[in-house]
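These are the structures, in structure tokens.
One chain, subunit A, appears in both complexes that follow, with subunit B as partner in the first and subunit C in the second.
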Partner chain A sequence: MDSTIYQKKTPLFAFLTPAFLFMGVFLYYPFFMNIYNSFCNIEGLGTAASGMNAPWYLNYAKLFQDPLMATAVKNTLLLMLLTIVFQVGIALALALLVDSIGAGTQFFRTVYFFPIVISATALGLLFNLIFLYDGGMVNQLLLKFGAAEPVDWKDEAHFFFTMSAPVMWQYVGFYFVIIATGLNNISPELYEAAEIDGAGRWQRVRYLSLPLLHNVLCTCLILAITGALKIFDLPWVMMGDGMPLNQSWLTGTYMYNQTFTSGDVDYGSTVAIVIVVLGVVISQAANAVFKEKDY
Partner chain B sequence: MKIRKAAAFALALALCGAMLGCKGPQQTQTPASSAAEAPSAASSEAPKPAEITVVTSYGGDDGNRANYEAAVKDYEAATGNTVKDASSTSDEEWKAKVMADFETGAEPDVLFYFNGVDSNKIVQAGKVVSVDEIRAKYPDYASNMKDELLGASPVDGKNYSIPVNGYWEGLFVNKKVLSDSGVQVPGKDYTWDQFLQDCEKIKGKGYTPIACSLQQIPHYWFEFTIFNHDTIEAHAKLPASSSDEEGKAWVAGLNDIKTLYGKGYFPKNTLTATDAETFQMMADNKAAFAIDGSWKVGWFQENAKSIDDFTVTYVPAAGQRKATDIIGGISMGYYITKKAWDDPAKQEACVKFVEAMTTDEVVSKFGAVSVTALKNGATPPSGADSLTLAAIEMAKGQTGIAPAAQDNLGQQARTALFADIKNIVTGKKTAAQVVDACLAVKG
Partner chain C sequence: MTTTAAAKKSRARRSVPGGALTYLLLSLWALTTIYPFFWVIVNSFKRKGLIRSDSFSIPVGESFTLDNYRTAFERVDILGAYKNSLIISAVVTAAVILLAGFAAYGMARYRFKGRQALYSLIVASMMFPVFSTVIPVFRMMFGWHIVNTDSIFLSQLSVILPQIAGNLSFSILVLTGFIRGLPVDLEEAAYLEGCSVFQIFFRVIVPIVRPAFATVAIFTFLWSYNDLFTQMFFLRYRDTFTITRLLSEISSLAGVNYGLMAAAVVLVVVPVLIVYVFLQKYIIKGLTIGALKG
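Let's look at the complex of A and B:
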């Protein structure tokens, strides 16, 4: 069939132009300005730069001497590790269980996916109430079961759990749905053949489901790793200003704090560059490690 | 095919147009240059109704939003002018937006904004008109106000803004908790030593003596603890280092907060709680004292089970300071921008607007409990509750007002200082280290 639509590309370019302009104006221009700003001296949000920093790499030198930046990077990497283990791990376990029961898959998909549709800010407020020191749900239960006094869930001993548990909980459903869909795509005949060959339930999971889910799991892991670098809203609502004692900073929350709260716009821009560099390096590494296979 | 191609281009153009059309309301204003070209022949005739753009902090859920809207409506009805209101809630983001508007030439005609260091840039750039210049043409401008209380600019000591109402900071007291603890409500001669003894009694009864989040809002305790180590004159001065006179007062004050923390007078979770959480302890009759500003009276009226369980009084004193010496002042006011002043079509409308928003009646509505610059003083509302009356009484009984020391600090330095108070009380940093670090911050 002779179709001219594949020969004349002009209309396609016409359709691509608005999106290209949009990306240029609202993404790439700010991105390059951000790099430039990181070398300037900007003393307040909305204020023009008063010149270049002296020396021009001042903010980059500061990055390596700033203990709060080190805390932010460490926490972000730790959160990334937890994301891999708990978000994808729990999602995989739940998907395998739901796949085994056969009936009710749709019900569980909806139930587990539901936290995704709630805004992170609302979830943050919800978990703030759950972990509230004075009258929070968890502390009320603890007092009811004989605890002498309430626990400060945001203190130095508990803050990381309090911050990361809601983040894990929020996204388990997302990966659950992806993995459950992957499991659905595996032909039942393979399982039947394995069963006839005498494979038990665990062996079917180990030697059929997991290998056939390899590509799906790779996608989930890459999404989880890159997603962990962008986590901001829920920790910001729950642990604003790095509480307790500047220990809960993540790269995203620290960048926001420096730019909008402290008004150190040029240093905030430098932290943003670190986030981009970390994102590119780690996602490339993840892509290299979790290579998809052709079947 | 031609139709398809034409349709494609039309759609693409429409999308580009829609994108370029995404401009903020401020950017659609008449540019200063074209506005300035407005016909000046009209000056000999009756002034035509003008449209003026006004930016204030009476936006969002501000307690005075309704009063502001009513005052604007009255102005529009009386003059025939139209107000294009672009008000918002005051926070650091709003301040940044206001500054960005001035930088890009998109400033409003009238601005209600801070008169301290926050406005230095617009004063230095000549973007706002001084009260003296306005009075040269309109002699009765702000004639109902005391000039010395208008809030002169730190840049040149001249007045640029006309305030509505100021603020004070005082000690809010839960009378029920005090009564249960066998402690008297503090009076005019309340000392720091008495306060410490009272806190011990209150703590002994199982209550929290001080409702304060050192994580979020240590500001008020910082002001008064350093005030107890300096004078009204010295309080307004920024130290050069932790070792000069003002710096020593800051260090001593911060160490007093550390002492209070060490004695266990703050809530157990003061290092992780929000201000809202700690203030809730006051409403729940779990805490005895809290320092806050005049604006907090409304919070108690909304949240207290019985408003009569609360009062406001003077913060305990030490050193040369009398308890009746308070922190307060007038930190915001109405500015007329140079752009509007130079526009014959808008000049009079702006002057009339500021006059209408700062009459004795309007100012009294906005905050009778506050510090005011009115020559006649504000009129107390009829049927006022006991807390409001106590607030008016406290403001009247003051023997001296010092401006907040933190207002002398730039945003970065202020944020760094308050973020480090929790490190001082936990012994991770010394007060002297924190003061020197904050004074070294740029901006």
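Let's look at the complex of A and C:
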């Protein structure tokens, strides 16, 4: 793939510099400052660090012994798995289905995207209303259909479902659009050729669509992994402060809580670092397993 | 047949021929995405008591009320807030497309030492939760005197800059993946005709990548518009507020006033939905053109 056009490397700098400069100043530098912060003792937001922690690894020791952190990581990994299977899975199924119909594709595309257009905060409020114990939409439906009592959707038995279902639902449209764009890029002639060669419906999907979608699916996988680690708005609005009883923490909400609610800014920084490390490790693993291919 | 009709016909037989079952499944999912919004809109026109007791009824006649909206509008300068949101999000989107487009082109086409490392860096940066970088960013911009001022322009800038950076990683990833999948032939043809790399970028790559640019633009705009956290952090003066920020204030004031909450949700959400529905046409066009060229 080494085209002669791209042998001369000088234009490369012009292309890469602006973006990486921005990211350097506003992402990487602050992030490293943050790491430094995790070794320090910080009194309050916005103030400078008041000297190193004693011992310097204080926050990290705390991290490994913190049961809430363990809960957060466990919940987040579970959520990640569900995200990959359901969000990307459903999106893939929908994209394939939409690709196969002639009329109405525009309608479905428009409509599936609605949840993404809406801010997660608004969605959190919306779902709070829906899952409300006393008079929420779901409980009203249950009572109408003869249930004896309304269900407490935020108690220990149900909270995980209540927290993860809206998250799942919201981002299906996101992956749907990415996969649908990728599918659109596959030339119809390939399908026709396959059909002429006698390939049946599922064979065309399995041997044409899926392999050609490989790169796109890789991108989706990475986005799903990183997304699950960072997720904040929806779970926070619905299950603020780890309801019930500190069981619903996710890495994102826990980090926010430690930094802003508890005011333990340096510990919050530490949690943030764990999030990044986990993300890099898991996505590198995913990348190694599902290598990207150039065409 | 015209080209679009032919394309439509062959798309109808693309991967798996559709049927009634397909439409049924697709419609089921469509129902789940539409109904919650319908429910909120309907409920925003009801008195708050009614929402809790019977949220499925349609408010007509007696139960219909505009009170919730009246309350919302009376408290705040909604149009100014919409304007702020639009300016910020539009600038962020334009900047991201330009910068990410450049970077993705460089990453996708050039082979150079450290490309894999750079790529991993980008993936890593996607994982930075915004709250891990926001505090140092705040201190930095405070030093530049663009934070906490009552100048609308500077306050907007203080939100624009971090938002651009935050959206670059995703955009670069998506665009790089897309450009990588394109055959080099068109670019080589242009090169043989004497185009410089920059000309190739603007004349050959940009038109073909339009659907991916559209996707990236929409996501960037939406994330910028909905990014409550950054807006809460940097916007302190009422006249600099964006609509999302403004309405979150109303929501927290609303407490258990579900009617007001529903109205607030509708006010933030519906304009975006409307704009989005209109933009859809251009996105579909972009997607179809991409398909034809492929």
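Convention: the second predicted complex is superposed on the first by the 257 of 295 C-alpha atoms of A that agree within 3 Å, B and C clash if a C-alpha of one lies under 4 Å from a C-alpha of the other, contacts with A are read in each partner's own complex, and residues count from 1 in each chain.
Here, contacts are C-beta pairs under 8 Å (C-beta built on N, C-alpha and C of every residue); 3 or more make two chains touch, one makes a residue touch a chain.
In this text, all values refer to a predicted model and were calculated from it rather than measured experimentally.
Put subunit B and subunit C next to each other and count what each touches on subunit A; the higher total goes to C.
Contact with subunit B, but none with subunit C, is seen for A:Tyr133 once the two complexes are overlaid on the shared chain.
In the superposed model, A:Ala228 makes contact with neither subunit B nor subunit C. Shared-chain residue A:Phe22: touches subunit B and subunit C both. Legend: residue contacts after superposition of the two complexes on their common chain; A:Ile116 is shown touching subunit C, with no touch to subunit B. In the superposed model, A:Asp264 lies in contact with subunit B only, and not with subunit C.
After overlaying the two complexes on the shared chain, residue contacts for A:Gln106 are found with subunit C alone; subunit B is out of touch.
Contacts of A:Val274 after superposition: neither subunit B nor subunit C is touched.
In the superposition on chain A, A:Asn184 makes contact with subunit C only, while subunit B stays out of contact range.
Using the contact criterion defined above for the overlaid structures, shared-chain residue A:Ala14 touches subunit B and also reaches subunit C. The contact surfaces that subunit B and subunit C form on subunit A in the two complexes overlap at residues 4, 11, 14-15, 18, 22, 25, 45-46, 48, 132, 134, 260. Listing the residues of subunit A that touch subunit C in their complex gives 1-6, 9, 11-12, 14-16, 18-20, 22-23, 25-31, 33-34, 37, 45-46, 48, 90, 94, 96-102, 104-122, 125-127, 129-130, 132, 134-137, 140, 169, 172-174, 177-178, 180-181, 183-188, 191-192, 195, 201-202, 204-205, 208-209, 215-216, 218-219, 222-223, 226, 229-230, 232-233, 252, 255-256, 259-260, 265, 268-269, 272-273, 275-276, 279-280, 283-284, 292, 294-295. On the subunit A side of its complex with subunit B, the touching residues are 4, 10-11, 14-15, 17-18, 21-22, 25, 41, 43-48, 132-134, 149, 152, 154-155, 159, 240-241, 243-246, 260-264. Those residues of subunit C whose C-beta lies close enough to touch subunit A in the complex are 7-18, 22-23, 25-26, 29-30, 32-34, 36-37, 39-40, 43, 51-56, 98-100, 102-103, 105-107, 109-112, 118, 120-140, 142, 161-162, 164-166, 168-170, 172-174, 177-178, 180-181, 183-184, 187-188, 191, 196-198, 200-201, 211-212, 215, 219, 222, 225-226, 228-229, 244, 248, 251, 258, 261-262, 265, 268-269, 272-273, 276-277, 280-281, 283-284, 287-288, 290-291, 294. Of all residues in subunit B, only 1, 4-5, 8-9, 11-12, 15-16, 19, 92-93, 95-100, 103, 121, 215-216, 268-269, 271-274, 277, 280-281, 286, 410-412, 415-416, 419, 422-423, 426, 428, 442-443 touch subunit A in the complex they form.
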